[in-house]
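Both of the next two complexes hold chain A, though its partner changes from chain B to chain C.
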Partner chain A sequence: MFCEKAMELIRELQRSSEGQLPAFNEDGLRQVLQEMEALYEQNQTDVNEAKADGRADLIPSIKLRHCCLLRNQRCLTAYLYDRLLRIRALRWEYGSVLPANVRFHMCAEEVQWFSHYKKSLASFMRSLGGAEGLDITQDMKPPKSLYIQVRCLKDHGELEIDDGTVILLKKNSQHFLPRWKCEQLIRQGVLEHVMS
Partner chain B sequence: MDTQSYLPVQPGVGMEENFLSLDDILLSHERLPIRTECSFPRLGFLDKSSDSQDIPEGTKMELPLWLSKGLYEKKRRVLSVELPKVYREGWRTVFNADPNVVDLHKMGPYYYGLGSQMLHFDSPENPEIAQTLLQTFMGRFRRNMDSSQNAYNEDTSALVERLDCLEKALFSSGQSGLNSFQSWEKGRASQLTASSLVLNYRKRKINDIQP
Partner chain C sequence: MSDALSDDGSVNQDDSQEDVMTPAELIAKLEEAWLNEKFSPELQENKSEVVECVMEQLTHMEENLQRVKKGDAKASIHRMEIDRIRFVLSSYLRSRLQKIEKFFPHVLEKEKSRGEGDPSLLSPEEFAFAKEYYANTETYLKAVALKHMPPNLQTVDMLKAVPEPCLDSFVFLRVKEKQENILVEPETDDQREYVVDLEEGSQHLMRYRTIAPLVSTGAVQLI
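So, the complex of A and B:
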């Protein structure tokens, strides 16, 4: 049956739930495109024959292949679009620098798209809130205080805060830090927010 | 509250399909029994049971929903679509008797979605199918909502396994509402948490090391 390859791509995305990005399946994509090319060529010869010899009985077959072409197109578009949605989510979860194992799963065009997205998000945030700009990825939950208690879950090296103090983030150490400085690190799982 | 920044494309409502929704693409891959009403030359290889070059008129075979929908025409008879078993009279009486006892995951898992899609094909039974779908959903919804709102910190797999895909989505949104309400009651709603995406990625990494 036609379009099975395209369905494999869709199933692959569906299986990796919760917005994880599976590796870009370039091979599968190419196979679908090849199938589409073959379908198109078969259709072209049948269309020519139907026109030249007036063979109306070929029309149902032509239509069937045409449906398969459209279906493949739909699956590919949905595959690429859903991946873009996932990549966009990564920007909000990880911040502007992605870890290598995530970046490894993206194809060259997606890396390019990600950097474009980063740039347009950054220029939008700069345009807000006066000269300083406004980081809209901060304060996803309304803050109760400016400083929070955090515990390090792994060694992360040194962190410099606004007043110039350098803090060593060592595993199992606790700190009292400005909230805006830690929010991203908490989201990345480096720090843990301790509630008293 | 656990905010997710990845929101997949939502499936279409009712008879509509959403072009980019993964769920709808999987739904439209469900196979339907059909009968061809004209011959399809040079496509004999699609029907595995015969060796001829063409698919002759009157062949019974199974085609995916998207293909049947694309080929089906009201004016010209290209193919006729038969109802899958679960939408026929016999099963409809079962659903009408007590919708709660049926395992919709085994029947479907896209029982409601496929049923609404069946309404695209002109069948004299369409009004009854639509009525049964609605009644089944209403009959099961009360129990479904009740369990999703009250099973806190419990293993829900037994509750979920008999649900249709649509009901599962409703169940999980009920659960996430319950969980965030509970965390608010405990005063943990303002706690900053690691993103579930990041946590899941870390899980995967361990799997990669130990295959």
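So, the complex of A and C:
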């Protein structure tokens, strides 16, 4: 069946749970492109034959192949675009440096797209308002209180807060810290917000 | 809220052509824009003056806070206020950026077809971002897949490929200025169109398309 491979790609994305980035399926991509090439060549020969000998009976199969080509194109671009959206979401979740296991699942072009996206976003945020700009990837949730209770999930080293105090973030230690300092660390999984 | 900001009485000191706004009014404006942006399916007009003023205000407040003695109870209240305002501002800019990313071909198309005197939908920074996003995504799709495809299939019409904002979605709204004779289009075939009057202060659930112009004039507020 035509377009089976392309559908498989889409299904693969659908199966992986929300926000997860499965490994880039280069093999699948290549197979779809090969199928498209074959379809296109067959169509070319048939079109020539239909033109030369006036064989109208070839037209339905040409049309069918053309539809398959369009469908393949659509499925492929949908696959790639959906991956981009997932990668974009990762930027907002992890910050500008992606964890190694995520990067491992991206193809070279995706890495490139990501770095472009990162740059655009950074220059957008820098251009906001005053000299330093505004980091809009912070303050994701409405602030409830100034300080929050956090627990360290892994050793992270030292953290300096605004008034100059330095705190050592050691695994399993608990701290009472300004919320705006912790937000990103919480999202990175270094700290955990302890609800009382 | 006005108390926290009152260290600096006039926000628009150096902005002579605009009316002087108190900080409280400014924040109210920001909140209004924020709610409208959050609940409307399509991108609203940019409010870059408001954003700039609020940013200025935040810097001012931060500076003032630096001067306050350590351990002053007032300081932490002000700090909290700064955090809240910054959250609203970030959230506002975020939801705009999300819409720009989601509907980038349509947003750029709308910007292109806009008349000379019409206000721009995007701020210059957002426009730059949208253009870069478009180019980046297009280059990516070309490099990975499109250029390996047969010659007649190497382009994708982004306007058709990327979904449009759904203007028919329903929104909650509160009326700020009385409106008369709003034409409501039929939802199903066996309904007829009819007109409604919107009383000031009343709340409604309506299709966004019907009241979109009223949102941009500020006559209704999305909630």
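One rule holds for everything that comes next: the second predicted complex is superposed on the first by the 192 of 196 C-alpha atoms of A that agree within 3 Å, B and C clash if a C-alpha of one lies under 4 Å from a C-alpha of the other, contacts with A are read in each partner's own complex, and residues count from 1 in each chain.
In the analysis below, a residue touches a chain if its C-beta (ideal position, glycine included) is under 8 Å from a C-beta of that chain, and two chains touch if they have at least 3 such contacts.
Note that this is a predicted model, so its numbers are computed, not measured.
Participant: Touch test for A:M106: chain B only (first), chain C only (second), both, or neither?
Facilitator: neither
Participant: With both complexes overlaid on chain A, does A:C152 touch chain B (first), chain C (second), both or neither?
Facilitator: Neither: A:C152 stays clear of chain B and chain C.
Participant: Using the touch definition from the top, say if A:L128 reaches chain B (first), chain C (second), both or neither.
Facilitator: It touches chain C, and chain B stays clear.
Participant: Once chain A of both complexes is superposed, is A:Y81 in touch with chain B (first), chain C (second), both, or neither?
Facilitator: In the superposed model, A:Y81 contacts both chain B and chain C.
Participant: Once the structures are superposed on A, label A:C67 by its partner contacts, choosing first (chain B), second (chain C), both or neither.
Facilitator: Only chain B; A:C67 stays clear of chain C.
Participant: Applying the document's definition of touch, where does A:L177 land relative to chain B and chain C: first, second, both, or neither?
Facilitator: neither
Participant: Count the residues of chain A touched by chain B and by chain C, then name the partner with the higher count.
Facilitator: B
Participant: Per the contact definition in the header, classify A:L98: touching chain B only (first), chain C only (second), both, or neither.
Facilitator: Touch partners of A:L98: none, neither chain B nor chain C.
Participant: Looking at A:G19, would you say it contacts chain B, chain C, both, or neither? Reply first, second, both or neither.
Facilitator: first
Participant: Is A:L169 touching anything from chain B or chain C once the two structures are fitted on A? First, second, both or neither.
Facilitator: A:L169 contacts neither chain B nor chain C.
Participant: Taking the contacts chain A makes with chain B in one complex and with chain C in the other, which residues are shared?
Facilitator: Touching chain B in the first complex and chain C in the second, residues 70, 74, 77, 81, 88, 141-143 of chain A appear in both lists.
Participant: Sort out for me which residues of chain C touch chain A in the complex.
Facilitator: Answer in residue numbers: 51-52, 54-56, 58-59, 70, 76, 79-80, 83-84, 86-87, 89-91, 93-94, 97, 101, 125-126, 128-129, 132-133, 136-137, 139-141, 143-146, 148-150, 153, 156, 161.
Participant: Mind pulling up the chain B residues that touch chain A in the complex?
Facilitator: Touching chain A from chain B are residues 1, 3-9, 19-23, 25-26, 29, 38-43, 46, 64, 66-67, 70-71, 78, 187-202, 204-205.
Participant: Using the touch rule from the top, collect the residues of chain A that touch chain B in their complex.
Facilitator: Listed in rising order, the residues are 1, 3, 7, 10-11, 13-14, 18-20, 42, 46, 57-58, 60-61, 63-64, 66-68, 70-71, 74-75, 77-78, 81-82, 85-86, 88-90, 92-94, 99, 101-102, 140-144, 148, 182-183, 186-189, 192-193, 195.
Participant: Under the touch definition given earlier, write down the residues of chain A that touch chain C in their complex.
Facilitator: 29, 33, 36-37, 40, 69-70, 73-74, 76-77, 80-81, 84, 88, 107, 109-110, 112-113, 116-117, 120-121, 123-124, 127-130, 134-136, 138-139, 141-143, 145-146, 163, 179-180
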